[in-house]
Every structure is written in C-alpha cells, then in structure tokens.
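In what comes next, subunit A is part of two complexes: it sits with subunit B in the first one and with subunit C in the second one.
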Partner chain A sequence: MDRSLFRANARLEKARLAVVLGDVEAGRREMQQSQHDAAGARDCWIAVGLDAQIRPQSSHPVIVAGRELALWRGETGPAKVWDDQCPHRGMRLSFGFVRDGTLRCLYHGWGYGEDGRCVSIPAHPELAPPKTICAGAHAVATKYGIIWSNLSAARAATVPEIPAVTDWRPVRSLYIHRSAAVVLAGIAAFDYGAPAEPATPAADVYVVTLGAQTQLLLALQPVEANKTGVHIASSGVDATADRLALVRQMHSLRDAIEAGTGPSR
Partner chain B sequence: MALKLYDYTLSGSCYKVRLLLGFLELTYTREQVDFYPGRRHKSLDFLAINPLGQLPVLEDGDLRLRDAQAILCHLANKYDKTGKWLPRDPATFGTVMMWLMFAGGEIMAASAARLHDLLGYDLDIAAARNSAHAAFRILDDHLALREIAGAQWIAGDHPTVADVACYPYVALAGDGGIGHEDYPALRNWLRVFRTIPHFDPMSGIPEFA
Partner chain C sequence: MTVTTDAVALGEWVACGWPGKVPVGGHWDTVILGQQVRATRTAADSYEVFTLDRTGTPGRQLPVQSRYCCIFTTLSEPKRPLPEISEFAEPDRRLVNSGCVGVNTSPYRLIENFLDMAHFPFVHTDILGAEEQTEVASYKVEHRKEVDEIWATDCQFFQPAASKAATGGQMTKYVYRIMSPFSIMLYKTVHGDPGRNDAICLFIQPRDETDCLAYMPMALVDAVSTTESMIDFQQTIFLQDRVILENQRPALMPLDLTAEIPTKADVGSVTFRRWLKQSGIWFGTSEKAAA
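Let's look at the complex of A and B:
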C-alpha cells in the first residue's frame, strides 16, 4: 500500500482525536496536512465504482488503500470523489445528503459546492463562509462506465486506454477479501466457460476476451491490504438473461478467488 | 380493533413493526418497555406477555403475537386489502418468505453487533460482524441481480414484508461498526426504501442518505 496514504490516514486519525479533545483548530491543521500527504499519493487512476451505481443526489462511502472517501453526485453531472471528512468537525461526508447541487454534512448541515468550497453554514446564515474552508476534492474521470480517481497532486498519468471497444456496459462491483495480487492472479486463472484471452492494458486493469463477441473489463480498487474491489464492465453481452448469467458468473469468480481455488497467495 | 405495540424506540425489531403500521396507515398505541437500562423485557410481568423476553409484541384485540416477522405477516394479511405487502401469488410468495426468514435469522447478526456497540452486550463482536457482512453480501448479490432484471424490491414490483423486515438492521448497521462500503446494490435499495409513502426515519439512520 501507498506510503503517503498511510501517512495521510495517520493524520486523519490525529485530526479526529484533536476534535474529540475539543481542539478544533488543531484538528483543522491536521486535516489540511493530511490532504497534502494524500496529494503525495502515487500518480495513477484507481477505479472507485460503477457510474450507474452512483445515482443522482446520493453520497457513498469508498475506501482506497485504507483512505476513506466520499463518492457523491449532485442532481446532474459527473460524480465527485472527496475525502470522507467534513472540514467542520470531521463527520463522514458519505453520510451527507445532496441539496441544490451541494453536499450537506449530516452533522451540522454545512454545505459544500462542487469545487469543495463551503458555501453555507446553517447556524450562521448571515456569514459568508471563509474561502479557506474546503473539502478535500480529488481528480475524477468517468470512462468505460467506471468512475476513476487520482489521489495524487501530480496527475500526469492518464486513465488507462482500452483499445477498440467503445460500448462498455456496467456489470457489477465485487469486493473480494484478498490482496490485489491474488485477485489479479485469480482473474487470469478463472474458468470463464469459454476460451479466455486475458490482457493487462494497465496496472490493475484486466481485459478478458471471450470468443469473438464478448469482452470483460475488470478494474481493481485496492481497499485494504487484504481486500480488493473489482469494477466490471462488459461488451457484447446485452440480453437480460445473458447479463444475469454474467453477474452470477462474476459472483462465482469472487467466491473462487476467496476459496483459493486459483493460485494461492 | 385496538392495536397495541410493546415497543422500545431504539429497537430495530420494533422499528420493523412501526414501519409497516405506518405504511398501512394503522393507528395503534405504544407501550414503552424500558429495555435499557431497565431490562423490563426480562421482568416477570413482561415474561407473562412474552416468555421469550423479547420485543416486539403486538396485541390485536385478544390476539397476542411475538416475533417481528410473524407480526408483519399478520398485519399485512389482515389489514392490507391490496395484498401487495404479502403477495399470495405462487411466483412471489415463496421468495418473500425466504427473505423474511433471512431477516429474522442471518441479518440479526447485525443486531447483535449493534447491541454490543451501543449497549455493551458481552458477545463475540468479530464473529457477529463477520456473520453480518456475510449476510449483507448475500442480499447485495440478490439486489444486484434484481437491478439487472429492472426491479428494485427484494421480490415482485412492490415493497413487501421482506423489504420491511430486512431494512432496519441493514440501515442501522453502522451502529455496530458494519459499513456499507462493499454493498452498492444494498445502498441504492436503502435509498429507494426511504421513498415509500409514510416512511418514518429512526434515530441512527441518516435522515437524508
């Protein structure tokens, strides 16, 4: 797992502790520092969810390499990925709710605009929130029906290019209690019931070609040392019965990897 | 017919019954039982009402019923003239029963974790959380398949007693240290559930999630 993310997490813990102990200012300092540490994270795009699963006006909890993130969407527009912590007192923003294009914290209702800046403080309606109060927003891209995020400040890397296929449809997000390395090996070893040609166009991304028509895109999300998310899209599987069968097969893929019937770790 | 619920506000099992009473727009009286710290559900008086010493209990005239799942079926069977909350058609009935039993069985591990974290119950918290996660994954898998089929409820095209029985301990899981990170279909089902007319939120369930 990424060193800088671990550092950022330790900072977040300290920030929470400071708030609990009543030192809100110290908490805010720690929190800002944790955002800087996270910005030093590896420059790569990580799949964090299926676009279709993040409905309008909803906020969801996601964990990437141990770091808690809020994945949310306004009434319209692309999904956003923020640190899962309200700049006010550290409440998880994934518990928040969406009103008028802002994400509102469940605790005291502070509202944050799409750029992360605080735009309303209900207890002080007369006050224009200081510009410095800002949720930790990360870079997001939506491609192949999958939401990707880059937690680094560098952002030189691009979202993995998948050649040829353009009509990806969302299938399923799996969360597998194994490391990313074991999951990748399991994806390669799985019996898909058809001749399978696996390829890795990028780190943590697999494309499995099944016969002439069908392709599966499997993008990995490191969650914790021993847990990995896999966000799956398909091309060439369109009839409802076939899509149901594919989802069932993906559940079996997960169960096979956890049962260790593939190469073990 | 007078309905009376032996109730405890923070109980997820009592919340199952309150939810359906609300959906069916039934009026009832609540007898608050001091579950914590009073432990009145284990008092001799209450054991005479429910020998299992558990909440909820519903009285409907002379009828006295325990077990949330049984109570949900009774209410739907007797008071829901549409038949939608307890479908009798052979294609749906069995599935509804299966998930109803799941709610009173496997999902109750999430209730145990919550009792541990909120009220300090002495139990194997790691085992409770693991069991709850295993149950949530099974329901999430089911709901993911339902989404692909264009459906949003556990069975059929209308919420049923199975949705009502599963909802509280899935929604309240955070109280027991069980997150929803791994269950995207479950999260969307929770959101849709809140749009049922006469839905009543409960403390511990994020009001606007």
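Let's look at the complex of A and C:
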C-alpha cells in the first residue's frame, strides 16, 4: 500500500489512542497530521466505489485514509471526487445537491461546475465568481465498473491494467473492520472453492482467476486505520443464481477476515 | 477533559443553565470550558455554582448571575460585565426560554451562523428565506470600541414566514450584536409593528472546544402565539442549523482569513474573526496548535 497512506493510517491510530486515553488535544493534532499525510498521498489510484452505485444527481461521503471526500455525479457523465469541504465555510459537499450539472453547497447554495470552479454565489447573483474559487477536485477514472481516484498532485500513474477481460460486472462493495494489509492477506488466504490463481496488478488490487471462465477483481479502499472498503467486480459470472452465490461467498469472505485471529491492525 | 488554559476564554461569562431548570434544593452538573461544575438552586431565585474536581468533590465557588432566562457563571475575573439588553425589562414582552440544544462544533461557528443571512434560502427554505430571493444587500459593520461589541446594522432580507406571528412574506430588517466570543443577539422587525424589534439571543455554553450547548432566550412582541408554538418555531430553525454546524470542516474556527473564502455578504464574519484574533483567544480555533 501507498507509504504515505500507511503513515496517515498510523497517525490516525495514534489519534484514536490519544482520544481513548483522554488526551483530546494530542488526538486532534495527530488527526490533523494524518489528514496532512494523506493529502500528500503518493501517486496512485484508489478504488472509491462501484460506478453503478452512484446515481445521477447525487452526492455521497467517502473516506480514503482518513481524508473526507465527496463522490458525486451530475445529471449525466462520469462521477467526480472532490474534497468534502466547500471553500467558503467548510460545509461538507457530500451534503450538497445537484442542479444543472453543478454541485451546490447545502449551506449557502454556492454552485461548482464539473471542473471544480465556482460558478454561482447566490448571495450576489450579479457577481461573476472569481476564477480562484475552486472546490478541491481530484483525478477520477471509471474502469472495470469501479470508480478510481488519484489524490496526489502528480497524477503520472495510470489506473491498474487488467488485461484480457472486458466484461466486468459490479458485485458488491464491502466494508471490513480490519486494516487494508489484513484484508489483503485475508483475500489471499480465502478458500474460493476452486483452484485460484491470484494476481496483484497494483498495490491494493487483487485479481483471482477461478478455472477457465471466472475472474474476480477486488479493489481495496483504505478508509481508516481499522476499516477497509473492498469494491468487487466479476467476469464470467452471469446466471442470476451464480451471481447470488458469488455475493454470498463475498460476504463469507468478509466474515472470515473479521473473525480472523491474526493482527487486527 | 481538562479545563482550558486560555485566559481570554476563562475571563468571559458563560451560560450554564436556566432558572427553574431544577426544583429548589436541586442541582445539576455540567461542564464549562472543560471544567466540571455543579449548579445548585438554593432558593426560588438563587443559584450557587462550584467547580468539581475529578472525584466530584466541590472546589471553589464561582460568581453567578441569573439574567435573560439564563444562569451565567465565569471561571476567572470577567473582563466585561454581562451585556445590557433592555428589551427583557419591557413589561409587554413575552420572554421565551427555549432551553438548550447540544451542537458539536466550535462556539464561533455557532456565532457566525447566527450572524449569517445568506443561508436563509437554503437552510430555512420558505421560512426565513426563499430560493427566488437569495441576494444579501450591503450592510454596515462596526466595532463599537467603548463596549467592545461588534454591530451589524442596515441588514435586510426577504422572508416568507419571519416568525410565528407572521401571516405572509415581508422584508425583514435585522440588527446583529456580537457581545462576547460566546454571545450574540439580533433585533428583527416585529410583524405588524415596524416601530419595534423582537430581541433574540444566542448564549453559548462551551463545554469543550467543539462541544457546545446553545441557549436561545427571546423577548418578543407577540400577544397572540402560544409559548409552545414560539419555542417550536425557534427549535425548528435551530435544528435546521445544527445539520450544517456539525458538518463544517474543520469544526475548529480558522482565524487565518485565507483559510476560507468570504464574500461581501460575509463582512460580519470577517470582522468577527479579526476581532477574535486580536483578542488573543485560541480556545476553539484552528490556530491553537500554534499557540
């Protein structure tokens, strides 16, 4: 996993510990630092959700390594990933609403276009908002039915390449109360009921080939120190009964990881 | 939780309850600025406040005042008296105590929200504002040095249902008055009597930096509405605000004026933040790490 995200996770853990021990001030410092570390995240693509789950005209909160993000979609077009914070008064944009292709902040109705630029300030209807007012927009790509985002400024990395398969279908997003490292180990150790050929085309991405037909793509989203999202797509599983069986199997994968006696962090 | 060492915050009067909260002889425990305190009702109109140590043993006795439907106390030598709000002494006023609401944010986010007209159409839709009329006209802001208060005057906003007494839309005139880092009030046009103003206060009890109780006593000119309906109106408004207040990031108030982007409608908030910064207060602010 991305080293700076690891650092952020470790800081989050320290923050949680400090709060538990009653040192709220130290906890807050660590929390801020962890957000800072995540902000300087290394150049990599992280899965943040299944494309099919994000309806048009909606905005949702997503957390990547402690960093709060808004995942939203206009009337049409691909999903966007922005910092979950209106530049005006810090209101979370995941509470916002969509009008005419713009995301509007719930607090004062400030509207932001798809590139993140502020296009409307209702308190001053005649004013053309200065170009400098921008929501914090991140790079987004939709591939394999999964929404990926790159939180670094560099953005030189490419979305993980998974050759030969084109018909990925979304299965489920699971949220597991374990660290990304433990979840990854659990995915590798899981009994899929058939000879499994695993591959890791990128950090936090796991592909399992089952027999000649079936492939599973599991993409990890580090949420907090002890919480990880897994966005799952499949190929070669098309009959309804098979898809339901696959969903049940993925739920038992989650149960197995959470029941695991290994290190929980 | 430990008591703050911020001398500026410690030197303010803060609300810690209201008269009649408990029967005579009763007491309640609460927290101000990180300090556990116990308030006891010793007689019909008499209250005593003591600090409590970690074991719950009473320590020193604190000054106490019962005014404006609130009990106020302070942990240090107050640098200013409680504000004078003459409306609460007018004989025909309805004094409404709406109790308090817990809000997990900085006290200053609460003050700014109370001071803000631009959110009316979006947060209090079809009550204090309408999406068709969102413009905030210019208003004046001044620091009144003799009382060390910030006043915003000549404020006005179109309101579909400005109060419980309102029967239709009106252009409501507002005056805002920030009386301390933890208290603000407004005067707004009385429905049907443009010569008088309703007085609505917001007194904040900061339990900790991002953990507040908000008290909203009012002195209203309204002979018709029931007390219950007036409390209900105020609580409806406030609960709409709480959704916003608990979802601002960061919860601590940034006093660095470049941290967030204000516009002309925010001149009151800009003046408030500058005034807070000059006061040297750091409790509840983002700048505390550097303090």
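Following the convention adopted for this analysis, the second predicted complex is superposed on the first by the 220 of 265 C-alpha atoms of A that agree within 3 Å, B and C clash if a C-alpha of one lies under 4 Å from a C-alpha of the other, contacts with A are read in each partner's own complex, and residues count from 1 in each chain.
Criterion: contacts are C-beta pairs under 8 Å (C-beta built on N, C-alpha and C of every residue); 3 or more make two chains touch, one makes a residue touch a chain.
Everything numeric here is computed off the predicted structure, so don't read it as measured data.
Shared-chain residue A:122: touches subunit C; no touch with subunit B.
By the touch criterion defined above, A:62 lies against subunit B but remains apart from subunit C after alignment on the C-alpha atoms of chain A.
In the superposition on chain A, contact is made by A:244 with subunit B only, not with subunit C. Shared-chain residue A:173: touches subunit B; no touch with subunit C. Applying the stated contact rule after C-alpha superposition, one finds that A:95 touches each of subunit B and subunit C. In the overlay built on the shared chain, the residue A:106 is in contact with subunit B and with subunit C.
With both structures placed on the common chain, the touch criterion links A:186 to neither subunit B nor subunit C. In the three-chain superposition model, subunit A touches both subunit B and subunit C at residues 95, 106.
Interface residues of subunit C facing subunit A in the complex, by the touch rule stated above, are 1, 112, 116-119, 121-123, 131, 134-136, 208, 243-244, 247-250, 252, 254, 260-265, 289. Remark: subunit A residues 22, 24, 28-29, 32, 68, 84-85, 87-92, 95, 106-109, 121-125, 127, 133 touch subunit C in the complex. Those residues of subunit B that touch subunit A in the shared complex are 141, 144-145, 148-150, 179-182, 184-185, 187-188, 191, 206-209. Looking at the complex, you find that subunit A touches subunit B at residues 49-50, 53, 55, 58-63, 95-97, 99, 104, 106, 172-173, 175, 223, 229, 240, 243-244, 247-248, 251.
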